[in-house]
Amino acid sequence: MLKVIAPTVNGPVTMPIRPPVFDPPFNVVRASHVELGVRDLACARAFYVDCLGLLVSDETADALYLRGVEERNHHSIVLKQVREAKAHALGFKLAGEDDLDRATSWFARRNLPVSFPSVPHQGRTLRTADIFGTPIELYATMDQAPSMLQKYASHQGARIQRIDHLNCFTPDVQASYDFYSELGFRLTEYSETDGDDPKLWAVWLQRKGNVHDIAFTNGFGPRLHHVGLWTSGILDIIHVCDVMATSGYLANMERGPGRHGISNAFFLYVRDPDGHRVELFTSDYLAVDPDHAPIRWSLTDPQRQTLWGQPAPASWFEEGSVFSCIVPRQPVLTAQPIVAP
Amino acid sequence: MLKVIAPTVNGPVTMPIRPPVFDPPFNVVRASHVELGVRDLACARAFYVDCLGLLVSDETADALYLRGVEERNHHSIVLKQVREAKAHALGFKLAGEDDLDRATSWFARRNLPVSFPSVPHQGRTLRTADIFGTPIELYATMDQAPSMLQKYASHQGARIQRIDHLNCFTPDVQASYDFYSELGFRLTEYSETDGDDPKLWAVWLQRKGNVHDIAFTNGFGPRLHHVGLWTSGILDIIHVCDVMATSGYLANMERGPGRHGISNAFFLYVRDPDGHRVELFTSDYLAVDPDHAPIRWSLTDPQRQTLWGQPAPASWFEEGSVFSCIVPRQPVLTAQPIVAP
Amino acid sequence: MLKVIAPTVNGPVTMPIRPPVFDPPFNVVRASHVELGVRDLACARAFYVDCLGLLVSDETADALYLRGVEERNHHSIVLKQVREAKAHALGFKLAGEDDLDRATSWFARRNLPVSFPSVPHQGRTLRTADIFGTPIELYATMDQAPSMLQKYASHQGARIQRIDHLNCFTPDVQASYDFYSELGFRLTEYSETDGDDPKLWAVWLQRKGNVHDIAFTNGFGPRLHHVGLWTSGILDIIHVCDVMATSGYLANMERGPGRHGISNAFFLYVRDPDGHRVELFTSDYLAVDPDHAPIRWSLTDPQRQTLWGQPAPASWFEEGSVFSCIVPRQPVLTAQPIVAP
Amino acid sequence: MLKVIAPTVNGPVTMPIRPPVFDPPFNVVRASHVELGVRDLACARAFYVDCLGLLVSDETADALYLRGVEERNHHSIVLKQVREAKAHALGFKLAGEDDLDRATSWFARRNLPVSFPSVPHQGRTLRTADIFGTPIELYATMDQAPSMLQKYASHQGARIQRIDHLNCFTPDVQASYDFYSELGFRLTEYSETDGDDPKLWAVWLQRKGNVHDIAFTNGFGPRLHHVGLWTSGILDIIHVCDVMATSGYLANMERGPGRHGISNAFFLYVRDPDGHRVELFTSDYLAVDPDHAPIRWSLTDPQRQTLWGQPAPASWFEEGSVFSCIVPRQPVLTAQPIVAP
């Protein structure tokens, strides 16, 4: 009989968590890109390229396609010049065209929107939405660009290597969790309220084998909380703090640098010129094992948010990017975490 | 029509590479552990625990079970006190007990050895071998230990986070590649000889989504070349250089620190008191995408081995741990890479 | 005629700064140690040795002598078990015994206290005080201990290399500045109030060639604000954050990690079990040139305190260690910097 | 009576070392710059500025003035376009104009050359030479440039902060040591031959308070071995390895990265396009105390050169930059250290 020495870091699993789905209806490889609307493409370029250090894969009159230095996929951030700065789509890569067919059927059966717009640099792309209307793009192939990982002279700013995850507010964490779990997303960490009838307050879900591809937090939603970009080391993040603070982006530094209890990530949260939030992060862990037990955090544990103790600013809990065409609604749960005074 | 801007970093794929198998006969999650024979357990403990910083999960009169700070699996290195220091087994985790059943049938059908020894701290464990006799352990469940990732006061030495991969000499790289490809291992990088009829000289194969779970190099084999242990950052490796050099382990430092061209890993190769080779490494990349094209390296490109140019010492190419019960044989290919004079 | 391209980083020098004294009455080499009273030596030992990583040079029933890994001087922090936790003395090393004679005459001429107590591990030691009664120890020789810089296996916690500086509240920054300037301490950075009649609000003064050996801030004083300990790199400080936050010292983390505008230091402020404040810091600069112009900061510039923008907590501005036998008084200036809400 | 617990790291001082001169004839502040002849200024600019990351203070048709990001002195490296790439001068900053007068008398009394050429961006400059003809520039004031330390967006390559030291071959280490000691340079570390009659083989001498401003090694000389440039951290040096190796400068990487036993420096030696050697280094220690005992290394101790054991390549021991107008001669000592096979 196998012995579980300590099932989770922070106490026993108490909550209504579904077992992981290892045979999902279609195979999602990972969160792979996000499309954001910006009001001034030149300003956005200065921020993402000159300051943060993303590489330009393509540039048109009204769009900018960006990627990190290790990325082969043509783009992980797409910026579109628009009049209102909203989040346009969350992109997930599927394993193959067959998966795309299965996904189409699956979403259609649930009466969720299904269309196939032409998307530059991507193969056949399914445009759909989750149960709360969050716009989603699914596809299996994208133009391949050269890895610049060993073109070190091209690394700038935070030397961002790749997109890692997407983080959203949802009006109902349990419902979002149930939806994405059914698609094979696996829970790695979660926070919940205390008491006899605990409620899910936030979940971290993964497909690619580390802590998350997508995360959901209780709040006015659906809205995009942030896109997470991965750097190779902590000092890359410290350096971009120094650069931002001394080149006109001091006000864009929202939170950190610090260490999350959840995910163990070393983080910095910044806001782009349109207010979209970007997390630069590193130092999480491998979670590929099927028997990897999720870690529970109490909503009242301040080290959940910041291992080193500093509470997050109120803006971090309250502000996010509205998705185009979807009106957010108030969340089910009214419980709130501790914020900075 | 999708455009491939640059198929690989180092030129077009020219070689007889099988397409990836996305529907393997059973689901291997990752390389998860290795068992090594050592002649003096106390000496080995001083090296692996006090110097390198691995954690002790269990200790008996003749065995030591070790893991890295993020690992939940009970052990990733097992040391057994024996009279001759050989490598005993390569361990791979399967996704579930069903996979273990399918694996058993698969190996039996090929007339490869099949047995189910009792292995401490592991669930049902299949003992088998690959086509060259390399001893393999397959299992789906292991005792779970507490993650020590956020018990920072317990981190010592190189603050090793987890096992990453196993690297072996094989007498026939093409044959080993064919065998493991059929099991769903996917090629990320390879080196081959130049000319009109290129031959595979080394392959890096993965299941968990980064550069490798197992790698094979042309040579007197099968033998274990090294076990690769992952650290969070480069300075953890620099620190263990300083520690080893000033605490009696100078002669155990074989190669590095340096940067591999292949895998982009920042590496240090050390030899344990019995001569088993350990690589401390960090800084590779995500390779989870099904369309992730493998990178080709010419055997005559010195940056393949060390991006910064220093050739590896001859011992690094020649020495390795013999597996118990298997007599190695000379390799098919006689081509040799450049070594330090 | 020599051209000064930019005299200081932050605008012209406007203030009543005395020219540097290059021929001081006696030669102070550097700030070299501090003696602190603690109520529980075992608790203090756990904090300074086990957590921060200082080395023990000597230990008696009621005293603990500590040093950093590169230090040859026997001690840089002396902890004495007492009933009230106060700061006992600031220690400065002189160049030779002749300097000690000259110092004795100089202090005696100014009617400042002069005595020669026996101090363990130190040569002839002059006990005196500055104009506000701050207790000072001057000496030229101390027992020499082995450098542990290349005994890397002994490095723990923040791997502290050496003491760097002492920082005090003073009721009159201008008066403290005048006193220490006369002794040859040179100004590297300062903050002052704005307006037509600017007043010195804080000064950083050095003897050893980097940013400071002693600093004074306007406040209820004299009190010790903190002792500054130098680490080789930023990640040593990040690591001790992780260690403190997960080993019972979360409440001892007062401010940071962050980057000071002043001095460019990467910093972390922690409080020992008795409330004495310690700064772990790195990344300042060389200031040995006689024509090195001091940098002026406006008291209203928030990047003065934290380049990245976060204001310091109120405790950081208000709390400090009272010196034994001296009653602090209110400062001359009432101007206050911005603090965290 | 004071106790010396351990006088040096590596055994007792056995050699004919002069006591430090604390009252030198004139006050040298530090090694401050070097002037090098290069055959192609554009090539040199690409190397020093675009690759290594030095800042351009001034640029003329035949000269380039460079400095590190923390430097206020106008230049620390001057490159002059010439037909033969030699080293032109070693520059030392004096404390004041009075010191320059005293230096002029001192060199004149010894019949060493004395002249006052006009040097751009420098105040009154004495051109002279040491006993072996090494060309030296002494001056007290230089144009002051803005510190770019907190202009982080301008930091590139190795983010070099400042010049640290100059290292030369000399035909007679004892004679060079005697000469510079008389000028107040203090010994921090040295290597010598073993046996009953040990001879000085190399010396590290300082004025500014860390390990060295100038060093001398036994060899065909006088020649410049290298100019040492200081970086804030180890990862700045690792990054420039990656940049050089992947942007056409692989052949310019001569030795390292590694850790010296002597000085504890983390180092990388590179050769500029004309063959002049540059050391990027960090991690030494403070040596400002007058009673700081020098560390002795035996010439036969391989960790003297590289703590981690790798011998230096022969070129590192044999090659150097000839000074203009001075013909080098063979050294007094024939003892040789261990080199890479």
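Going by the order they are written in, the chains are A, B, C and D; count residues from 1 in each one.
Here, a contact is a pair of C-beta atoms (placed from the backbone, for glycine too) under 8 Å apart; a residue touches a chain by one contact, two chains touch by 3 or more.
Predicted model only: the values in this text are computed from it and were never measured.
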Could you pull out the chain whose C-alpha mean position is farthest off from that of chain A? D
Comparison of A-B and A-D by number of C-beta pairs in contact, larger one: A-B
Would you mind pulling out the distance in Å between where the CA atoms of chain A average out and where those of chain C do? 44
Report the inter-centroid distance (CA atoms only) between chain A and chain B in whole Å. 31
CA centroids of chain A and chain D: separation to the nearest Å works out as 50
Scan chain B for residues touching two or more other chains and write them down. 150, 233-235, 242, 245-246, 307
Show me the residue ranges of chain C that touch chain B in the complex, using the header's touch definition. 51, 150-153, 155, 233, 235, 239, 242-243, 245-247
In the complex with chain D, residue positions of chain B that touch it: 234-235, 238, 241-242, 244-246, 250-251, 253, 257, 259, 266, 303, 307-309, 341
In their shared complex, chain D is touched by residues of chain C numbered 2-7, 9, 22, 29-30, 70, 72-74, 93, 95-96, 121, 123, 140-147, 149-150, 161-162, 208-209, 232-234, 261, 264, 283, 285-286, 288-293, 295, 307
